[in-house]
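Read from first to last, the chains carry the letters A, B, C, D, E and F; within each, the first residue is number 1.
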Amino acid sequence: MKQNIETFLGCDAEYKESGIVIFGAPFDSTTSYRPGTRFASKVMRAESYQIETYSPILDKDLTDKKIFDGGDLELCFGDTNSALNDIETFTEKIFDDKKFPLMIGGEHLVTLGAFRAALENFPNIAVIQLDAHTDLRDDYLGAKFSHATVIRRIHDLIGDGKIFQFGIRSGDREEFNFAAKHTRLQKFNFDGLEKVLDELQDTPVYLTIDLDVLDPSIFPGTGTPEPDGATVAELLAAIFKITDRVNVVAADLVELSPTYDPSGISTAAALKILREFLLALDR
Amino acid sequence: MKQNIETFLGCDAEYKESGIVIFGAPFDSTTSYRPGTRFASKVMRAESYQIETYSPILDKDLTDKKIFDGGDLELCFGDTNSALNDIETFTEKIFDDKKFPLMIGGEHLVTLGAFRAALENFPNIAVIQLDAHTDLRDDYLGAKFSHATVIRRIHDLIGDGKIFQFGIRSGDREEFNFAAKHTRLQKFNFDGLEKVLDELQDTPVYLTIDLDVLDPSIFPGTGTPEPDGATVAELLAAIFKITDRVNVVAADLVELSPTYDPSGISTAAALKILREFLLALDR
Amino acid sequence: MKQNIETFLGCDAEYKESGIVIFGAPFDSTTSYRPGTRFASKVMRAESYQIETYSPILDKDLTDKKIFDGGDLELCFGDTNSALNDIETFTEKIFDDKKFPLMIGGEHLVTLGAFRAALENFPNIAVIQLDAHTDLRDDYLGAKFSHATVIRRIHDLIGDGKIFQFGIRSGDREEFNFAAKHTRLQKFNFDGLEKVLDELQDTPVYLTIDLDVLDPSIFPGTGTPEPDGATVAELLAAIFKITDRVNVVAADLVELSPTYDPSGISTAAALKILREFLLALDR
Amino acid sequence: MKQNIETFLGCDAEYKESGIVIFGAPFDSTTSYRPGTRFASKVMRAESYQIETYSPILDKDLTDKKIFDGGDLELCFGDTNSALNDIETFTEKIFDDKKFPLMIGGEHLVTLGAFRAALENFPNIAVIQLDAHTDLRDDYLGAKFSHATVIRRIHDLIGDGKIFQFGIRSGDREEFNFAAKHTRLQKFNFDGLEKVLDELQDTPVYLTIDLDVLDPSIFPGTGTPEPDGATVAELLAAIFKITDRVNVVAADLVELSPTYDPSGISTAAALKILREFLLALDR
Amino acid sequence: MKQNIETFLGCDAEYKESGIVIFGAPFDSTTSYRPGTRFASKVMRAESYQIETYSPILDKDLTDKKIFDGGDLELCFGDTNSALNDIETFTEKIFDDKKFPLMIGGEHLVTLGAFRAALENFPNIAVIQLDAHTDLRDDYLGAKFSHATVIRRIHDLIGDGKIFQFGIRSGDREEFNFAAKHTRLQKFNFDGLEKVLDELQDTPVYLTIDLDVLDPSIFPGTGTPEPDGATVAELLAAIFKITDRVNVVAADLVELSPTYDPSGISTAAALKILREFLLALDR
Amino acid sequence: MKQNIETFLGCDAEYKESGIVIFGAPFDSTTSYRPGTRFASKVMRAESYQIETYSPILDKDLTDKKIFDGGDLELCFGDTNSALNDIETFTEKIFDDKKFPLMIGGEHLVTLGAFRAALENFPNIAVIQLDAHTDLRDDYLGAKFSHATVIRRIHDLIGDGKIFQFGIRSGDREEFNFAAKHTRLQKFNFDGLEKVLDELQDTPVYLTIDLDVLDPSIFPGTGTPEPDGATVAELLAAIFKITDRVNVVAADLVELSPTYDPSGISTAAALKILREFLLALDR
């Protein structure tokens, strides 16, 4: 008899043969409003059996790909530095083995850990962020490392002209002022994405998808729901453009909070986006 | 003093005088993912008092129609054959009395029982299916009779060219391959509906509406929510076209699962669609 | 040490210096279907800390305005007249002090109390109503004062040609007949709003926003959800037109029912609309 | 075909043959804290099919009794006087026909309507109240008629020495002072019940059971949960003593609020208590 | 890197070395009232990380035992016979390998499958049932195989004097009459358990624990909550007596329904009972 | 007009005149299982209006006492040290002003901050802990400061013989071994409390009440529910003994998690315990 192995979307290949490694980063200690993203990867795995591996949009099937599910990291709640370091180390190992890391959050801060590993491997890396919030605060209630400061910390590392923000519809005035000077920020939607992709033709890209970029009607299960967001179709269209035209070298999906998703539709949306992203990725 | 009679939307005419008979088929034993559609008819009746009988869209009122509410069938959970036979027998009686049967599911499999009765009365009947899923599996975990195989079982009975599927956005690869050969399947939306209706001018039509064709944002309360579905307005427009142009002889609304509808909006949507369908129907 | 003061959206100016007074009217005794709007103002204050004071749409910030939060009125459940009188008295005081009253319901009936105070101060006042329901019944189960009769009662006071209804998609036949003769009613959407605003150039306007004008997908938390409503973007666009072009002298936001909002997205929508309205208002 | 009749616990006898008439009084307009008792009778009927008609405690079966379910009264929300009058009138009719009225609330205030009818028929009637709260306020936020004043209003009608309160564990100081002078009040439990029953041998009794006398662990679904209450077994024992030893002429069960009962255990408890009471009653 | 293995309570021994095999039987197709027990084993595994492996009651630790988690069976919803056969076959394999089968339901009917395998291996086996319900119906809505008939079906196999029922507090009159003649039934509690255990000294015992024997206050998450049940302490005391004094050869825990357990306390209770049972078992 | 001030249980005295200062410590960053205690103080204040200020148990009224509500501390999520320091500083200020600090958690770790301030003022202080869990781990997933290590950290500060634990029913083997050597631990209940109180006659006492010492049936809303706990009556009896016989100099109530309390009964229990504690305290 064999043991009970649970994976995202039937991603059950061996590590060795896989081009993509997917793993969970269940951490939400800095979440200021409504915690719960720590449960995202666990719930997504548990609900994976409801979703088909075949995409009628792309006419592709996950059963034709080799993807390894690395399980969830054991991160220390309440110790932000240690959590980020553990994420960085794990991601480095994946890069060392020439594989593509796909991280499932957790709050948005987890991106910083994975990004630091990516930056070591791709010094000229750029970031495409699909998000409702700028995440550009310099500190949050005194904390430098927070879900609300994560993109600012990334800017600390890579400087101006490397961060491309889309779908942004919330932030304080100062954040938008900062963005005006230091990042490329598209308010409300994904307009201008093609132009950015043209510019990034020869640049490795870290893609971070904060799922709260979606409208709260279809994605209520998140820490800070912000009305007037994207549809699933609009988000998928943006993802397909990105995977089509630039060299994505690492990615993450963050901020699903099953605690605030009583009907399960947010998890269903997250899983569909995950499947389409995996299928669109040329790995 | 009179007893406490509860009906859908005030459908309280006598059987004899009614052209339409509406009834519940509370059965969900084959539901593989999240059960609960068994409660749909009960909850829809209980919530009916919140909805007006008048439609400002059609400028018609249910109080001007004669509709009998036949209550809920007592179906045997766990015995699929017996449940389907009971549905078939009940529907036959309605046809015998020259009335229009409108069944409220229950899971989609209940359609098979009502359809078998319809087929006996209308040998050249066609099926229009509005649904998120193909439901074309040949078996599901070994079971031939399942919510995931119901349209395939209908195909067994009527063969190629008689099944018209709209709004489909989920299924496995094999199902889509089967559809390509044996049914007319429109992915994602209702495009091409007019053309199909033109072809079906002289054909009796069984209309089966799986409410999960709607987007989960407006219809979270269903067994298998599938992102990127229709709006209520789009579904109503499709229904109006169908009732306008072809001869619908029987119909059903299935897959409302109140268990996953904490705010009640799915039931509200189901009731509105039911009202508009009843008003649009020329009976 | 100072005490624990809680306000909407950080509206913490002193009364004296404020041009706008916002207050809660927690009353839902006549609600016929699902009660719970009594909790709206309390929950909106409690959740205010999640929302930014800055609007990227208008590029304005609430911290630049002076708004006083007057807390919640202590209204007597079960005694409609007394509740309406208390609302009227409180609103009069605000008008006396030359300030703008912004009331947070409660059920829609609370509008009548505030409107009576407005009418005393602005005898030629008109009403713009954004709502899913006509609210034009003459009585409801025998009651003259009800959330379902509130606009009819206002018509009793100001007569024909003064009431402008938008977004209406539910009511009984008689209500629509009444509207055809006595009010200007736009079914389903906000079409024709500009034309009305042109006509009202020199007229003081009471703006009442029943939040159920929004689609239940984004606003499930309300007493009587009615499918096929407005998006947040559409509602905001209408509000901006109104505040831009006519002289709004008082306003209210009613019918948020947190009891039916398990994921909190309805409260988030209500808060965003409140913020944008406050920022758009020239006070 | 026959229509869909729904009753409490299969209480489906004809009016004429029945010794007991059970009916719902769905009213909660004066509820100051958490509304929702309006849904009690409706939900109890809907859930009745889960409960057996046979009691292994009493070894009796409801199928051996004749009980008529009179449905729910249509009470006007927001107009307390009119609601109480409607209840009174309906109860009078039952007394006129020499039957036993058993009312299902609604909030506790509904007791006043039924009690007034009882008092007309039994001028020397006494009241036994099983409750967590004294309900002896003289007014509540200015209102004379409220769930918090109902027993005080009854005292207005029948004076000292006629009201017997058990299980009381909440109230303000003044209420307990009032009780010390004007009622017989047993704090926390049912001690002393036998003695009271001995005294009431020749007195007709109105029994009012506020279900919040139960501990919130087993009965969370109520407007004002008060910790440290009775078990179901303790409440049943008290009920059996009362029905055994005194002449109960009317009764009610109030304050079930399904809105706060997500797991349904409160409704299950209410139904069991209702069944046992009906079986214990010598009618 | 290793894959993500999920087990009950850290039961992660290899099959070969284990004396106990625990497995899930996720089936609830015959559930007549509220489905959801299909999720029990999955949720219990997912929540296992919250519970300690050490018992301060027994001063023993699960880390000192060898237990294999066999995962969940893939049972066919809607086909009762096939599901029961699959359970029987799987349990037989465990017996063949001289191990102890511990099944986690699923509805109570799953017991029949495991029991049939036990009966083959232990022809003189007796059954101890801890349950709120008799489960002695001869059929349920026409179905011979149902959660409400499971003990009757077992009686069909082993006849009189072999079934010992404790804690029973619900059933119809006929079931109690049947029990009076054919089983030993203790109403309401576990009185007389010691005496029964004395009689069963030399008899192999199948222990079936329907968790609804617990009071709904501590175990709301079940299909048919029945007030006035056992405490966790009482149930554990009964279990310890049984494991101490008789030869239990197989066991199951059934009827946890996470769908009706919003706060998670029912799952917590089920896990604690499972841990204590495993530790008390002399394997 | 005055601003909207919200307090626990009407504790609205001025700081100067108050002998007790109550404040919230909304922090749950180290919670390993289910977060949400951050909302406890906020929800307790919001629900305070439902609870009477008078206790029929003690025949005392909060309106006769002077208590200041200091609001909630603004603690930095994700930075444990900074949070503990802020709590310590705030508590020191209260001691400096010769007042009694009563802290509402948050997770149990917040106790450490307040305790450090108490230790500075009362060097020979002892701790009485009412709790389901030992909280004696030396580290938790590598973290020294965690809700699971808080009592161990206190032991680091005050050593053997100063910590008295009651009601403990969960922990790992090592924790119980540690307790056997270094603390006084009473398993499962409050037995032996009087004896301990006799010994502590001349010792200042810090009383920490982890509300999960209560049974999950009455207190489901907590991070880690552990079956078989105390009743509210038992806990109150223990509290009364403590306040009666020893010199309590500071106290806290921790681990209410409103997120897992859908019916609100846990908050109701917490408020009642808070009221009784405040009334029993001789300040």
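Following the convention adopted for this analysis, contacts are C-beta pairs under 8 Å (C-beta built on N, C-alpha and C of every residue); 3 or more make two chains touch, one makes a residue touch a chain.
Keep in mind the model is a prediction, meaning the values are calculated, not measured.
K.L.:
Write down the chain pair in E-F, C-D or A-F that repeats the interface of D-F; the criterion is over half of the contact pairs matching by residue number.
P.N.:
Match found for D-F within E-F, C-D or A-F: E-F.
K.L.:
Please indicate which chain is farthest from chain D, where distance is taken between mean Cα coordinates of the chains.
P.N.:
Between chain D and the rest, the longest centre separation is with A.
K.L.:
Can you work out the whole-Å distance between the CA centroids of chain C and chain E?
P.N.:
Here chain C and chain E have centroids separated by 56 Å.
K.L.:
Give, as an integer number of Å, the spacing between the C-alpha centres of chain E and chain D.
P.N.:
38
K.L.:
Express in whole angstrom the distance between the two chain centres, defined as the mean CA positions of chain B and chain D.
P.N.:
Distance between chain centres, rounded to whole Å: 42 Å.
K.L.:
Which positions in chain F are in touch with at least two other chains?
P.N.:
215, 217-218, 262
K.L.:
Quick one: label the inter-chain contact graph as line, ring, star, complete or other.
P.N.:
Topology of the interface graph: other, matching no listed pattern.
K.L.:
Could you list each pair of chains that touch, in label order?
P.N.:
According to the stated criterion, the contacting chain pairs are A-B, A-C, A-E, A-F, B-C, B-D, B-E, C-D, C-F, D-E, D-F, E-F.
K.L.:
Write out the stretch or stretches of chain B touching chain E in their complex.
P.N.:
Against chain E, the touching part of chain B is residues 28-32, 35-36, 38, 74-80, 82, 109, 141-143, 145-146, 259.
K.L.:
Which part of chain D faces chain B closely enough to touch in the complex?
P.N.:
Those residues of chain D that touch chain B are 1-7, 12, 15, 21, 42, 45-46, 68-72.
K.L.:
Given the complex with chain A, which residues does chain B contribute to the contact?
P.N.:
33-34, 168-173, 176, 187-188, 215-218, 220-221, 224-228, 260-262
K.L.:
Provide the residue numbers of chain F that touch chain D in the complex, in ascending order.
P.N.:
Listed in rising order, the residues are 49-50, 52-54, 56, 61, 215, 217-218, 231-233, 236, 262-265, 268-269, 272.
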